[in-house]
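Two complexes follow with chain A in common, the first pairing it with chain B and the second with chain C.
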Partner chain A sequence: MTVQSSQEKRTEQTYVGVAYPRLEDLRLTTGKAKFLDDLSVPPGTHYAVILRSPYAHAKIKRIDTEDAIKVPGVRAVLTAAELLSVMDPLPLALRSPIRYYPIATDRARYAGEPVAVVIARSRAIAEDAASKVNVDYEPLQVVADIEKALAQGAPKVHEAVGSNTVWKKTFSYGDVGNAFEQAAKVVSVDVRVNGYTVPPMETFGVVAEYDKGSDVLTEWCNFIGPFTLAYVVAKALRLSQDRFRVIVPGDIGGSFGTKLAVYPYMALVGACSIFTGVPVKWIETRMEHFVGSTRAATRLSHLEMALSADGDFLGLKARITDDIGAYPRSPEPGHLLKSVSNFTGPYKISNLEISGEYVTTNTLPTSPIRAFGRPHLCIPLEKLVDKCAKITGNDPLELRRRNFIQPRDFPYTTASGGVYDSGDYGAAIEKLKKIFDLDGARADILEKRREGRLVGLGIAVGIEPSVSNMAYLDLAIPEEERQKATFMPHSGGQHSATLKIEPDGHIVVRLDSCPQGQGHETVAAQLVASVLGVNPEDVRVLTGVDTFNVSWSISSGTYASRFGSLGISAVYSAALDMRKKLAEAASKLLGVSADDIVMENGVLFSKSRRDLKISSKRLVGTVYWNPGSDALKGGDHTLSVTRTFNVETLGPATLDNKVNASATYGFIGTAAAVEVDRDTGSVSILKYASVHDSGGSINPGIVEQLCVGAANQAASHALHQELIHDDSGQPLNITFGDYYVRTAEDFFTPIFGSAAKKSPFTPLGTKGVSEGDNMTGPAALLIAIQDALYEYNADIDTVPFTAERIWSRFLSKNNLGESASSRSRPA
Partner chain B sequence: MYTLTPPKFDYKRASSVEEACKLLAATDGTKVIAGGQSLLVAMRLRLASPAVLVDIGHISGLGNISEEGMGLNIGATCTHSKLARSKEVMERFPILCEAAARVGDEQVRNRGTIGGSISHADPAGNYAPVLTALNAKIALVSASNRRTIAASNFFEGPYTTVLNGDELVEKVILEKKPSSGTREGHSFMKFSTMPQEFATVNVASIVAIKDGKFEEVTVALGALLPKPRIMAELGESLMGKAASAENIRQASQELHLGSEIISDYKASAQYRTHIAKVLVARSLLTAVNRATGAE
Partner chain C sequence: MNRSINIKINGKSYSDVVEDRLLLVNYIRDVAGLTGTHMGCDTGHCGACTIVMNGEAVKSCLILAVQAEGASVETVEGMASETGLHPLQVSFRKNFAVQCGFCTAGILMSALALLRNNPEPNSEDISKALTGNICRCEGYPNIVKAIEEASLVMKAAKDLGREPRGKENEKEG
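So, the complex of A and B:
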């Protein structure tokens, strides 16, 4: 680690740990922020409208663009026939003969796949002309579900693969066979998580300008990283990285992971600009977002736990089948692989077997959605643990506690190679009991049950990893290939920050992050202000990326909760370095040793002789305007520092498939009490609480806000959000009227608690936080609803658990309305 | 295709009902725009492509609520929020306020109008069952004609009404019978996954109770049927019976809805039918409690 502890102790902690009001909010809440569509565009910009396949699976026989081209104002109508002359397939993370282009070539493989792009002087003209493009389709048989895709003789999404399975692999750690032989009991569960998304308010957008003179393609886009994918786009567009400039504005109107998937459109719109020679702007519509952007995987999981007679978890076996839509695009198979390191959650389980199968279907391709793949894992795992408790007659919390990794075990290496930094899960659970008032809640439930009401309680826990170590995707590559000397392993997840003091003394921090509301400006300013002894308002923080002007790396961006752990650490390291530089310059000007210099309220002075001092303004002025002075001559006193922070545990994957996919591993415990309406199956959340281990927060207010949002998303995901399509693969709910997203009016306020355990891997001990509720929320709600429906022996096996599913699976077996008459008010 | 811009159209702002009617009669493909909450959505998706829009939103007085004897006239451009907060309506036809307050969200309620809502005739719309249960009349006007039609005859099916292309809804007429010593109660209930969503089932119940017995029972259902329907059998079966929870429960269970029930990804016909029974029971009970002062 790069930060010396002696310096750490000298830090003034003034603004660290304070719920400082967010600096960006005035701009964001008064309509003054500039989002992608608000940016001014280059002269001569044309507007793109994407024509999409109405069929989930069809041969494209002919595309007639003649009438469309004739519409005045239309510059071009481009199809794969034209665009493939300037474009190669987008590289995939797994080895496959599939060629993934951002536009359909001979076949459309999902309803919504781009087929042609109309480029015109205005959006309205392009839309007029798009209706005049005639495509001759020959509809093909559709596989829209995992079951159909895997059936014997199923139509193939990709003929070249030979089946709909594009990747299949079993990972084994420890001795699973033995564990299951020794087991006193084996408990299993099945869960299906349907495809869903967490749509942002601002849709995708790209402005691409290809400049012939310099041969540089510049793109303004609301892409959130990782910039590995900007490399993938450059590759597809046959550009070297010095000829591909990506500019992400400082404000992005929400993402929840979705905006990683802007990258195929960066390739598509970029290719259009290269081909036509004019700047091209594309803003996605809301419906397009539902049919053409991205989604989370549909997953079938079967989990089995081997238990000792005392309830110890001896081994875990999982069979996972993920439907990742029409193309296995990068970073798939991440839905599974990103979680391999922490597959066993907070439990000590040394024998683990994971069998994964990846299936293509004629549906929208997937990518990371908030808490990438972890809701998919946490829901069945916690359902399994709850069932284990029931079957062995244990209290569910006690059984968990018994199997938790203990505080003395940290840093703890999991069976699959994850290196957990720190934690005290037992203490966090105690905190959860307290803030939720578990005893009170139990009494309340008993009382309500006596009134005949269907109420229940559920608790779920989980590991909240943060930062993405690219190494995890190497697990998708066969060991034979990884063994070769020519193979280049991947690893790392670094974050950069540049801190500069301007000639007039103002402080500017440049991040390589793409925040979407996370408050990076405030947090970075708090931290720098604390180290340099100024006010947060005096620190200007610039976010967003410009690959020609910002120090960036392939992991730059804002995803995988990486700012709270790595981003903050980079900022902190840069600030400490800057303080050192100031102290050195001051020591020379004052003629004392650098160790003797302290900084307070904008003044640097000698500890031993307090009358020897210089204001930081004069100091900075001297460095800029008089570097040739006798005192400074010859030294390097430039007041600009760039620091890149990485965590040392982020190494490459091993040949026995162990990998540490994340840098820090927080913990979350969630408790929920619910009531199920006996007549309708509707669920109301009576009480909800989460305890988070973020390692400590720079701004606890921001952490709490982010978690409130996550808890509400979790409730929506658990209870009603899913992307529905019919048998022919037609997506059905593609507006906010049909795919409901909670608004401020619908929000509930979860009870929030913190049980921080500092990470030894980051200088301030912080870990990433805020995706936790997206995993434990649905799990706790599932368990609570099963508890509420105990009379029905309910086994909830499909997410979301909609009112209709609950009614038709369980309640309808009973007579209607026993309670309809005894209640005078609607739920 | 996934569009954002409406096709080209002409826009004309009418300053009187007469002028609006004249404009409507003048050119084919002319459409009225009121709050735009349904029409603009359709135009931006290019599902509607009117050649000319006649804006009636600025006609003064067209959104007024006025007394007519014991009853009320509600002007076509009266917004949902105005209706929801109107004291006059609350005093006489509180069920209409209840329905207006449950339309979408505050922004939609501030722009959307009762005339636009019923003319649009979304089967999941809130007003259709309420106006049908209230036995409201709808006044239509065109350049050459005026007519008044009962709400029960106004709606023909999903997104279709008796309105001719050159006709305008001018107002909704609500009459009130003199009280005959009964106590009245009402209830509108909307069933949806989240409160701001369109309904999968709507129920409007109006009851009159005398000496603990049903003197009058009107229940209208919406959203699960192509057009609103009065549950006449249910009313008859309860008439004269004690207004008890048990009677209500039994009658609701016996509800016959026929085979026209809408079935889609939001809710199956079976579930909608079940919810209708639950909601009818609940709303009748609420109406009875309101009538008897239990609530």
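So, the complex of A and C:
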């Protein structure tokens, strides 16, 4: 692990593009990794058990904690009455009179909302005591669905708002009215995406220790960022940033976006430690995760496309209604706003209108789930494009190709302000056809249909953005307010990396990322090893964040596929800087110019005079132990480099609501062949292929494993996953037994292809990757199933398309003996 | 009520007095300090807590510590020997079968029990043996392949009369 490599000569790029076995796996396969619940806790740590509302909507009349507090070992039983003395509401991204606390105050607004916290010497004691807390609830009328929430006279989730609509806005780009007037045809679709989640194996956890001496609250938590939300927590806890330390361990047991929503619990557990003065540990149970963590929004979308006689996409109109649960917590209304930049996907559509309405209901609040809001967008958009092809009599791939942004158009600015970096979508589609064997698959389908089987084929494409430019959330703020001189616009999405060579020559890289299985340590080690001419094993990479010790920013963390573009760029830039520093120091010691220095196999020497050389170990030693030497004195030769990488295009939102929400924009095309079981409506995936444009990958083994997971998750979502509740807002599927999760018995092996077009915005051309299948997967499956059910003229309008839905909507009529002609249109 | 128990974990004897209600997984993690075994649910569905007890794969969240009295337990920490990593561990790394790694210990334990009972499983046998283990990264294709490959490595080593061990710092793919 030194700059002096033990191995033979290595030159730059050796490890770039290599499926190098992951360094993380050495501890993960041997039980030596340390996840949050495995960390040692401070002396005197108490354990928190959260008592949650059993009602979706109820007035909290009285909380009797007397019996609970008497249980030996109980330190405190805390409710809003106590905790509001040390806590303010968590700030929201949208302007609203709603006050969002991590614990119910006078009312519980969803089943699972925290109502009281028992703090005790052990978790078992806390659980015993929690059963003795008596809460007097007065149940109120519940609105658990969008339709009910919007109905006239509906009960209100928040009286202060006056209705259940918390935000409403129309964004217009180009001349949509004209586009629709000129249209030869207008085609529309409706899709409902039900609330769902992608639950990780490891649940949420927080350990909070308030230290009176330093007046610092330290929290160990499996929070993934963005650290804007750590700022939000500090604000709620009335702490200045220098008094709030967040430590995220280097091992996190999956997230898929969910662990962003650890932040309300950082506020809650932090408040408990501040109030009681003892360290407090909380580890979420699986059932708590289902009722109290987070979910994706429920969305109703109505999309309309204006088409020319030739099939050109003239304009797109969208009416979006999102149910975001009981509180519009940050980063909502991101489900919609995050996608505004790339709303038109890979298509050239210059006239666009998006009307968004955000609705609160008595259900679990939402936050980003893998590919934040883009399954919600890609599914209806691709269904619409497929329908346009059918109606105009075009081949769906040809229609897409006709409307694609072309290679010569890049960098391409979308109608809504997105700046796409690079791409060749036509070439990617050709690759997809090849790896999927489209002609073969079509022939196979015809063959199977002749046997009377319900088989079909679907193709969907999409844009895979990487990085989150905070500017998109400013679209939630009224333009008049953004015009004021006092308004502080937001922008940026930078990633940092610190590279240090220690006095003994060991190389250490510190990232500001919180990986949850993405192999950042390996990728960073491959990059640094390539630049500095050592082996990946010679580079120690530290991930996770410690806000007191890491160069972090409000964008820090691991979300929005940001490592592939900006993270890699930050590490690579830091490594290049380090190489330069080493060359400069060597040039002084050897008395030659820095340009003349070459580094190979742990030795720096002069190109022109190869006998002038110094081992990197001696060089590093000299810099540390003899900086006063004649050659080095007066110069800055510290062997520590911090590089923060940002992309220039990540500017603030404009007053006409244009914004570039991401740094790079990859492309994905997915093809799927399916069979629907006539008797049960269940769907089998016969074949699945995706082509990704990741701009090229540093470690293709890691990219592929992530995409294998994404594709399987996509099918889990599309065919099975939804959070179900009854009319009283009671969640019904809150275990891994009731909520569908795939097992080793029903996975499929996707076929992958690469159609990399290097990004001009990143030094190695890389983009983000691995969320794409989560959006195109469900869209391709929907189109394939509609194709399989062509004789029923099936219009699939609800996600997930479960066997039950498919059977009852389409196939059951067949069972009743209706003729094929009379079952042309489902209900 | 408290009871005294004696358990052997990875060949080492543990004697303690524990509460009746203490789950075996909590004993392994909190008392024995072996945190490689994880808890991913509280209903026995996820299998992150799978261990090998008296030769069988068992979910340690579904039994009490006191029920393991006199048992011989194996956890992920006991897989590697002084001579190196277990072929399953090597194969999981080689085949990119680990993402977040939270489910990995439980899956390795199920695979270990499988290969002892059926040293030459086909992919269907492997899938069946893993029904009780959830991987939420959904990396199943790589996991099944890794187990299949490990079984072949173990068989080849056995045929040659060698101990099938990888190096602790296995570098090559």
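General remarks:
FYI, the second predicted complex is superposed on the first by the 802 of 827 C-alpha atoms of A that agree within 3 Å, B and C clash if a C-alpha of one lies under 4 Å from a C-alpha of the other, contacts with A are read in each partner's own complex, and residues count from 1 in each chain.
The definition used in the following text is that contacts are C-beta pairs under 8 Å (C-beta built on N, C-alpha and C of every residue); 3 or more make two chains touch, one makes a residue touch a chain.
What you see is a predicted model, and the numbers here were worked out from it, not measured in a lab.
With both structures placed on the common chain, the touch criterion links A:745 to chain B and to chain C.
Judged by the touch definition given at the top, the superposed model places A:424 against neither chain B nor chain C. In the superposed model, A:322 lies in contact with neither chain B nor chain C.
In the overlay built on the shared chain, the residue A:521 is in contact with neither chain B nor chain C. Of the two partner chains placed around the shared chain by superposition, neither chain B nor chain C is touched by A:386.
Residue contacts after overlaying the shared chain place A:252 against chain C, while chain B stays out of touching range. Partner contacting the larger number of chain A residues, of chain B and chain C: C.
Once chain A of one complex is fitted onto chain A of the other, the partner contacts of A:131 are limited to chain B, with no touch recorded for chain C. Once the two complexes are laid over each other on the shared chain, residue contacts for A:291 go to chain B alone; chain C is not touched.
Once chain A of one complex is fitted onto chain A of the other, the partner contacts of A:771 are absent, as it touches neither chain B nor chain C.
Residues 124, 285, 287, 737, 742-743, 745 of chain A are contacted both by chain B in one complex and by chain C in the other. The residues of chain A lying in touch with chain B in their complex are 49-52, 123-124, 127-128, 130-131, 283, 285, 287-288, 291-292, 679-680, 682, 719-720, 724, 726, 732-733, 737-738, 740, 742-743, 745-746, 802-804, 807-808, 812, 816-817, 820-826. Residue ranges of chain A in contact with chain C, taken from their complex: 19-22, 24-26, 28-35, 37-38, 124, 198-203, 251-256, 285-287, 516-519, 535, 537, 701-702, 704-706, 708-710, 712-713, 716, 735-737, 741-745, 747-749. Residues 1-5, 7-8, 45-46, 105-106, 189, 191, 193-198, 245-246, 248-249, 252-253, 264-268, 270-271, 274-275, 277-279, 281-283, 285-286, 289, 294-295 of chain B are the ones that touch chain A when the two sit in their complex.
Interface of chain C with chain A (complex): residues 19, 21, 29, 34-43, 45-46, 48, 75-77, 79-80, 85, 88-89, 92-94, 96-105, 108, 126-128, 130-131, 133-144, 169-173.
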